[in-house]
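Everything below concerns the one structure shown next.
Should a chain be cited, it is by its letter among A, B, C and D, assigned in written order, with residues numbered from 1 in that chain.
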Amino acid sequence: MSDKFTIPFDRVVVLGSTGFLGKKVCDVFRQSGVDIIGLRSKDVDLRKEASIAALQQLAGGDVALIFSSALTPDRGQTLGTLSDNLTMAINVGKFLESCKIGLCVNISSDAVYPLTANPITENSPIDPAGYYGLAKYGGEKILERVTAASKIDFLNLRVTALYGPGDPHGSYGPNSFLKSLMKDKTVRLFGAGEEKRDHLHVDDAVFLIRKLMAVRATGTYNLATGRSRSFSDIVTALQQAVPFSFEVVSMARRGPITHRHFDTTRLCLQVPGFQFASIEEGIAGYYRFCFPGT
Amino acid sequence: MSDKFTIPFDRVVVLGSTGFLGKKVCDVFRQSGVDIIGLRSKDVDLRKEASIAALQQLAGGDVALIFSSALTPDRGQTLGTLSDNLTMAINVGKFLESCKIGLCVNISSDAVYPLTANPITENSPIDPAGYYGLAKYGGEKILERVTAASKIDFLNLRVTALYGPGDPHGSYGPNSFLKSLMKDKTVRLFGAGEEKRDHLHVDDAVFLIRKLMAVRATGTYNLATGRSRSFSDIVTALQQAVPFSFEVVSMARRGPITHRHFDTTRLCLQVPGFQFASIEEGIAGYYRFCFPGT
Amino acid sequence: MSHAVPTGFVGLSHLGIVSSLAWASFGRAVVAYDPSVERVASLAAGTLPVHEPGLAELHTKTHAHVEWVSDAAKLEACPLVIVSLDVPTAEDNTSDLTPVLALIDAIVPFLRQDVVLVVMSQVPPGFTRRLRTRIEQIRPDLRCTLHYWVETLIFGRAVERALRPERCIVGCEDSDAGLAPMFAEALSVYGCPILPMRYESAELAKTAINLYLIASVSYANTLADLCEAVDADWGEIVPALRLDQRIGPAAYLRPSLGIAGGNLERDLVTLRSLAYEEGVDAAVFDGFSQANKKRYDWALRMVNCYVMTQSAKPKIAVWGLTYKKNTHSTKNAPALRLIRDLAAHAEFAAWDPIIRAQDNLGAVQLLGSPADALRGADALLIMSDWDEFVNADLRPVRSEMTRSLVIDCAGALEGRRKELTGIEYVSMGRRPQGLRPAAASA
Amino acid sequence: MSHAVPTGFVGLSHLGIVSSLAWASFGRAVVAYDPSVERVASLAAGTLPVHEPGLAELHTKTHAHVEWVSDAAKLEACPLVIVSLDVPTAEDNTSDLTPVLALIDAIVPFLRQDVVLVVMSQVPPGFTRRLRTRIEQIRPDLRCTLHYWVETLIFGRAVERALRPERCIVGCEDSDAGLAPMFAEALSVYGCPILPMRYESAELAKTAINLYLIASVSYANTLADLCEAVDADWGEIVPALRLDQRIGPAAYLRPSLGIAGGNLERDLVTLRSLAYEEGVDAAVFDGFSQANKKRYDWALRMVNCYVMTQSAKPKIAVWGLTYKKNTHSTKNAPALRLIRDLAAHAEFAAWDPIIRAQDNLGAVQLLGSPADALRGADALLIMSDWDEFVNADLRPVRSEMTRSLVIDCAGALEGRRKELTGIEYVSMGRRPQGLRPAAASA
């Protein structure tokens, strides 16, 4: 699929430009010639009411806003982070109530879905298991209502497990595997790694965001590959990619085996024929990034 | 069904004691000899962090807390009221993280459910249509998690359309009908009043709360009668109860006809044989309250 | 009933045309009424606006017994009047009862005082009893007997089923009332069981039959999906199911792109909204509804996986545009939906045994033969089960296509799997042999 | 197969006992193995731990052909060995495969090198192919042929179905492999169709049949609910459905309190979790699952509405404690659930044709006759469809009860509605005549 397409906005503002996805979006958009403004919490602290005024200076009908700020689960799922995440969404909502922009892209998460439903579509029932997912769901509802009232286009993206170079969290899966591989040539797996998940390479996520913005898609999309793989598949892929042998340590599982699959028909209709990085390709590239020169 | 039962708590603290339900709970509990402390926002402003310390003074293993505070939809479904409602829940959550009490009763609402599902059970999918329902849902999730972590019993009550003497809001249905009847002997109906809703008399709601507390029920219950009636049924009941004739004005409906039914099996198992006030009985009593001496 | 005394048919859409001609084929006089002067003139001239196997022959044979009229006063001669207007459905498959009510309002003034009035239109439970009240208000003098007669029309088999119904379900005012003798006598020509029951039971029976078929189809499609996932073969399993007497040899077990055509969807929507209004738990209906809504995605998924990933703008041949064989109906037809969904990403060339140029086809080139449609194509999609496809000459599939890939959404070539050498074949209920999907594709 | 050469049966639970005796009834020698010395001794002594019509007679007739053993080495004599242990299910209806795997592990060392090993236990799709690998690891020298044979046991009709199966579904390594000749010959005695197919297809076929029955039951129950809501009569509609050949005369259309007994629930759970693992949309299964979970509530709702609202602590008579007739099984039986749910609010007196005192009954007084159970009762709940209830003497219902109210959750008296004068009768699929529900009751 060709990536020769343009973003039909004069300026793209990214809130949360130091996050895993936010940073990649800024880099790639900038490389493809988009006028991009990346804001960190140091620049504009969305937890403060003053942030609204700061954002107002960036508004305009030709502006697309990507709201990617969040205190991620690795910061603790506490009432404090919940409150902060909700406050950020409310303040962005208040900004959008006060100013006109062209498009609001909300970076949400598949944490809004329970782990009991398969395969997940954009119409699957919501039931977040933790405060992070709850805040994401609250943010969606807030921005959905505000943009509808202000006639601002709204694109809501529920992103599944992201992996790839630059991940700062070391979340369980490819990211934690590479991290521990670099640390002590060991990979730690819950049980035998039977759980299937949909692992999305961060580069594919960025491509899809660009493409959906380019075709002016609106509404909710799950960003996922549509093909779930078990964690043990990933270990196998890693064993194939890595020129040395490593130890696989099995840890006690904390709960029953769960699986997560996506039915990506809605996304597919926007990018038919798009080929996601296979887990084998993605893992191999990630390894080369972590172990340059091997 | 006999109402000779005791609340197994030495003290009951009601947050939101000036609300429709909160006030009735205080009155009835007090009459039946319960040591009850009703707090208004004037006493403890739950929107402020300082409220946590104020609540801590009331804690104890023999204390039941009824959290009934909320800025109701008639106060406007804005980002401001959303933020306030969420902050109140978060502060109550922080209080419960810091102190031990015996039971937390959360007064939630059927606004957490979409109007598309029928009949509703406690397992029906969640999809609040507005900020009020969203805040109620957020509050539920927060208090559910906090009480589970602190090993505090948690009783979550999703209350459907309440009516009866003392309603301060004049919400559409029995309350607005009686209000406009008192004002100008007119009843205003959307369309021909085809919509079916489950109308719960406030006295029944209070009885159920007492009963569920008495049997130490925990988890989520919908408080509803299980028998839905159309708004035109209510007008008919009113016509039978009222010794004068009144005008019924049809207003243009704002959307398609929706219905709401509850499957009350879960509640039924706690209070088998309980007979709710029929809409005819409830309306007749409400009328006598509004028009004393007629 | 004397053959000289005519039976009235009211409303000459698909149902009315087929029913009145079938009724007349037993040598009975028929007054066929429709308010549209044009439609009546065209029917009188022998032009049939619907396609059904055997309908033209039936028309030729029975035409002389039928008086086509647009004057409702002609119904005064009829002791038995049958309302046979199809109930139209909206985009969301809800029924629009306005036309049938307007039609009945228009004819009631002309009905004989002791008329037997039979409703055959596809009405929801509760309609007939409410209609009684409505008629009483318009004509308080009328002493009519009102029945509801379940129509058993199946698109593509309408004539056969109108001539030889397997049973007649008739709604009566109450269970013990029984049929009006004149109507009972008229139905006796079919030699099939007559089942009188309450109005509500008969109205529900009609939708209940269709819901059972939807249940079977939804079940079969879900199992077919599971077969693909666990490497079982649905085609091996179905014969075992058919041998179970609790399931039966004629059960609807063929996988498909889900229900289409509008009638089954209408009945599902009707019962679903009835359940919603009454507060009846309809999780089962919701399951059917969701399964059928998503079933079309199978076609999209296969096209995406095996075609779109291989080529930037593939050429796709489509056999079949109607929603099934032997009908002209394209209502909810998956072929048209697919062409619309992928219009920007692929080129479509189609062949259909009956559809010629018409408005709603979308971006597709209509060709004159199966082989013409195949020329230079990267894939063939078979989208309905016409006999022409089941028995198609497969040589052009091998010789004319750029890639001999067949995605068979209708199971048309299921029975010929052993003949398909040299053809890549994708069908429902088993994993395609020798074809690998793209690693992961959107 | 020579009658002197025995067939081995491995695992003597319900399935193994019935199957081995049925097998022997054709004059064939059987070695029936179970690791439990007690169970083997008891079977050898003629004590049958399960109730099935005709089983005692079968045992008497065939006992001489069966050698009951708890020594696995005896299987060395058997060229054909059939694994017939029932797979137990947990509280949540999931299968526990550990016992059947342990049993197979225990016998594999004693199998003949060219044995034909047939699995008859209720295993999920994928099991048999994985089992092949497992056996190869334990006994690399074994050149065994492995089959999966779908059991068709129905509680209460097990003997009849073991003697005269309507068809034999047999899983093979692949579609073209066919049956081991010895096994094919053995099955030929039944004179029914033999359907060989892939392991996965056969494993899925077994659950697929049950799922179809669940689909039919779920459908019927939802329609019965709708009938009650719109004042139609499901009893009038069912005969019309049975006349439709796509539905058939033997379709499962009787309303009930939903599936019970454990086997259908197990298959629903098995397919549901398979779909979950594979990412197959199972909205249809979810619909069945939800409908069946909530179906029991019908009984609770009726008791609450017509009984609990009338009396502070009513006395309730219960006929039937097993989940259906002709079985001793109370697994998931709604009667026991109801007694448990309302233990604090009502007194229960029960009569059951087969159940005597046992552990899991809960707070219920077991009485010796139907009339004894009725004495002084405010209501009778009929909870299963034993012939004893269908044909019951109704005089005690009128004479012994405080109030002659019957809530028939099993449709036992459906066929006798005209006899029920003087009895208030509540059953599924129609509104009770002459009974008003409480205005609104919890």
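Quick note on the criterion: a residue touches a chain if its C-beta (ideal position, glycine included) is under 8 Å from a C-beta of that chain, and two chains touch if they have at least 3 such contacts.
These numbers come from a predicted model, not from an experiment.
> Among all other chains, pick the one whose mean CA position is farthest from the mean CA position of chain B.
Of all chains, C has its centre farthest from that of chain B.
> At what distance in angstrom does the C-alpha mean of chain D lie from that of chain A?
Centre separation, chain A to chain D: 48 Å.
> Measure off the straight-line distance from the CA centroid of chain C to the CA centroid of chain D, and report it in whole Å.
Going by mean C-alpha positions, chain C sits 38 Å from chain D.
> When the C-alpha atoms of chain A and chain B are each averaged to a single point, how far apart are the two points in Å?
So the centroids are 38 Å from each other.
> What parts of chain B, by residue number, touch at least two of the other chains?
Chain B, residues with two or more chain partners: 263.
> Could you tell me which residues belong to chain C and also touch two or more other chains?
Those would be 275, 278-282, 294.
> Viewed as a graph of touching chains, is the assembly arranged as a line, ring, star, complete set, or other?
complete
> Which of the residues in chain B come into contact with chain A in the complex?
Against chain A, the touching part of chain B is residues 79, 82-83, 86-87, 90, 93-94, 97, 125-128, 130-131, 134, 138, 141-142, 145-146.
> Quick check: in the complex, which residue numbers of chain D touch chain C?
Per the touch definition, chain D meets chain C at residues 125-126, 150, 166-167, 169, 175, 193, 195, 197-198, 200-201, 203-205, 208-209, 211-213, 215-216, 218-219, 222-223, 225-227, 229-234, 236-237, 239-241, 243-248, 250-252, 271, 274-275, 278-288, 290-291, 294.
> Applying the document's contact rule, which stretches of chain B touch chain C when the two form their complex?
Contact set of chain B toward chain C: 118-119, 196, 228, 259, 261-263.
> Going by the contact rule set out above, which residues of chain B touch chain D in the complex?
It is residues 1-2, 121, 208, 225-227, 263-265, 267-278, 280-281 of chain B that touch chain D.
> What residues on chain C touch chain A, complex-wise?
Listed in rising order, the residues are 294, 297, 300-301, 303-304, 308-312, 341-342, 345, 438-442.
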